Amino acid sequence: MFTLPGLPLLLQSIVSGLLMGGVYSLVAVGLSLIFGVMRIINFAHGSFMMLGMFTTYWLYVLLGIDPYLSLLFSIPALFVIGLLVERFVIDKVLSAPEHNQLLLTLGVSMFIENFALFLWTPNFRAMNVPYIQKAGTVGLVMISFPKVIAFLFAIFLSAALYYFLKKTDLGKAIRAASEEKEGALTVGINLKRIYYVAFGIGTACVGAAGTLTAPFFYVNPHVGGIFVITAFVIVVLGGMGNFIGALVGGLLIGLAESVGAAFIPGQLKQFIIYFIFILVLLFKPEGLFGRSSD
Amino acid sequence: MTSLNGKWHIVLFALAGIMAIFLPLMVGRYFIHLAITVLFFGYLGMAWNILGGYAGQFSFGHAAFFGIGAFTSSLLQLHAGVNPWIGMALAGSAGLLLGLFIGYLCFRYGLHGPYFALAMLALAEMLRLAAVQWMSAKYPLGINLPILGDSLLHFQFRSKVPYYYIMLVMMSGVLYLSHVIEGKKLGLYFKAIRENENAAESLGVNVFKNKLVAMGISSFLTAMGGTFYAQYYLTIDEEAAFGTAVSIEVLLGPIIGGAGTVFGPLLGAGILELLSETTRNLLGGHSGMHLMVYGAILVTVIIFLPNGILGGLKSISKRYGRKGEEIREAYGDS
Amino acid sequence: MVILEVKKLTKAFGGLVAVKDLSFDLKKGEILGIIGPNGAGKTTLFNLITGFIKPDRGDIHFNGDRVTGLRPNEICKRGLARTFQITQPFGNLTVLENVRIGAHNRISSSREATEEALRILEKVGLFKKREEFASVLSIGHRKSLELGKVLATKPEVILLDEVVAGLNSREADDMIKRLKLLREEGITILLIEHVMKAIMSLSDRIVVIHYGEKIAEGNPKEIARDPKVIEAYLGEEYVLATGN
């Protein structure tokens, strides 16, 4: 069961793990933002990623739009979807007990996922975009072109979000709302609007992640489920609501998953992720980097 | 007023009981299967409810116990010829041990609310993945139980009717257990823990121990449900045993019908099965459709009836009861 | 006879010392008041005594037994119960169920616990509200419920955290009367209170805490005149200005 990989395979898995990790970071950053601001654990996060993937898929298949160009559409589209879901659904349970909030987002994810199943059938689809399906070799390592682009965009978008949160007024208001709700209200920040925007941004992040992964990952209504658990692990590991934690955590998990796969066959690598998850929950619930202030 | 209520309950109960006993004589094979499914999910829901509805610890991973139960009794039967009834008891014990183990860890380290829910989900997933790995080598076609023909001893029947009665007994047993627990100190302690752990501790409740008791009862019963499933279908695979679909379907009934009530899980199971059948008939065999409806119902219930249907009814009757009392007081009645 | 001994209790949270070297005795049958400016460490003291927090240093003895570090439920079982400053009712349960839970501290039978609970409800004036959900009660009734739950556990000593604050004048008088009755029944009371009328009229003795330390101890009259106490509440300038 335990096979020792040779150096080339190890290097390969490190590289592709980091590349995938960049995308995970983007997913996790969005989830973390939502938790940081609204204290909601968003089970539906993965289904929004799936919507992002399908958006890109259909734009390509039906209109021939380049997947990376479709970011210009999927990001605002998912932002709006997220905002609407928050406004009309999530908002109603902000003062409900936490497990009810989790159940609600579970219900939303069930609805979205199975609606997609109804519309688009359970068939696995793949985007075959000719100019993208390339791989180059750097030294001993084979690098997949779409993964590199995904990584670059993901890091860019995460950095843009970081800048937004740090420098812009709206971003500062969002941070204020997540760190000190009472104080934010006192200085006249409209909390409701902050919630809409934050949820929208978080959803846009994961939608973008979907767009970026569609070129090299399979597209299918159930795909969200896999990513959402990984996102949970990353967010808990990095500290709930902690931006940098989510960023670094994403890279770490991507690495762990990929390198783990080199040592351990198939399904068991996911097993390890769940195991880490439980361990962190039990023994270091504030994560490696600490939670955003409670 | 209350004595009249009491009589109503008994009459209703007796009627339901008689209907339940004679049901197989009145309906065809297809409806028997439906009835078994309702009773089955009612049973599992009530088992979940003891930990989730009463003690307030919502588990998103009860498939872990269900699967352990199904696998334990089936493998013992397949490899050691263990009688499935004994297997069921052993399955329950396996579930109990697993429950106490994970419960100890979670409660000792203060996992609660959504973190507990997700930890349980992770546990179920870990078991599923381990099962996938293990079964791909040894049981690529699932675990199939030997067909031993019509036999109560071997817990196998050609007709569905005996299965119906067995599940009716099991479900009634858990129903009665819920009813008993609810009225006693244990049930009250569970509810105290659900409502406010600190306040409960300050009044002498050993929160840790009681949570473990709730977990133990719940996991034991759920695991036995796994054995029933295995004996009903005579085959199990890792998805049917440990899949998230199981975990979610188990908790939907109580949430919709009313967590923390005796009949809520059964009511919820009935409603969900009805919906599932209706969507299947209206929209054909699209496998996802009923889940979509479930999702919509879940969202609706959580927003408008956070305590489920029966929970909501209780609140409403209390409000009208109070209004009635105010009016009576105002007009000099008492 | 000393029923509760608090010896050199110390607790710090991060860099902030909440309780420092605090010692006092509680005599059986007395009513001891704990007063002090906001943030003085009074509720922390209660949390330490009842096992919700563990002290960094110091010991607590109840009826001669060392109870430092025991869990709250074990302490309640021994006969020491407390109320919370912000009431903690079991919201979705009825008033009767709330008190029954307390009664089960000593009683196993459901029927007996219900009888005891009804008796207690009568005592604290909540009998009429017994079938209401605790979440809909007014603040006055909540405080009574809080007291009722605690009494149902059949305690020897009760720790009351601001049980009069927030009540209107009539409710406050009722509560004070009730507490005096409890003392006559043999229950020892340790109470934190800001409502001066209540604490001065109820307490046999008073301990004053400021920045986590005991700065004065004595009967109400002595305390009212103690310059250290006045300074703590009203500041140094007042003491100098009034020549105390």
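We call the chains A, B and C, going by the order they appear; numbering starts again at 1 in every chain.
In the analysis below, contacts are C-beta pairs under 8 Å (C-beta built on N, C-alpha and C of every residue); 3 or more make two chains touch, one makes a residue touch a chain.
Keep in mind the model is a prediction, meaning the values are calculated, not measured.
Chemist: What chain is the most remote from chain C, judged by the mean position of CA atoms in each chain?
Modeler: Max centre-to-centre separation from chain C belongs to A.
Chemist: Give me the two chains with the most inter-chain contact pairs.
Modeler: Top of the contact-pair ranking: A-B.
Chemist: Measure off the straight-line distance from the CA centroid of chain A to the CA centroid of chain B, and report it in whole Å.
Modeler: Between these chains, centre-to-centre, one finds 33 Å.
Chemist: Centroid from C-alpha atoms only, then distance chain A to chain C, rounded to Å. What do you get?
Modeler: 49
Chemist: Taking the mean of the CA coordinates per chain, how far is chain B from chain C in Å?
Modeler: For chain B versus chain C, the centre distance works out to 42 Å.
Chemist: Over in the complex, which chain B residues touch chain C? Could you list them?
Modeler: Per the stated touch rule, the residues are 183-185, 188-189, 191-192, 195-196, 198-207, 260, 307, 315, 318, 321-322.
Chemist: Within the complex, which stretch of chain A touches chain B?
Modeler: Touching chain B: residues 41, 89, 92-93, 96-104, 106-115, 117-118, 122, 221, 225, 229, 232, 265-268, 270-271, 274-275, 277-278, 281-283, 285 of chain A.
Chemist: Could you list, by residue number, the parts of chain C that touch chain B in their complex?
Modeler: Answer in residue numbers: 50, 52, 71-73, 76-77, 81-82, 84, 88-93, 97, 100-102, 104-105, 108-110, 113, 131-133, 149-150, 152-153.
Chemist: Which positions of chain B touch chain A when the two form their complex?
Modeler: Per the touch definition, chain B meets chain A at residues 58, 60, 105-106, 109, 111, 113-115, 117-119, 121-123, 125-126, 129-130, 132-133, 244, 248, 255, 286-289, 291-292, 294-299, 302-303, 306.
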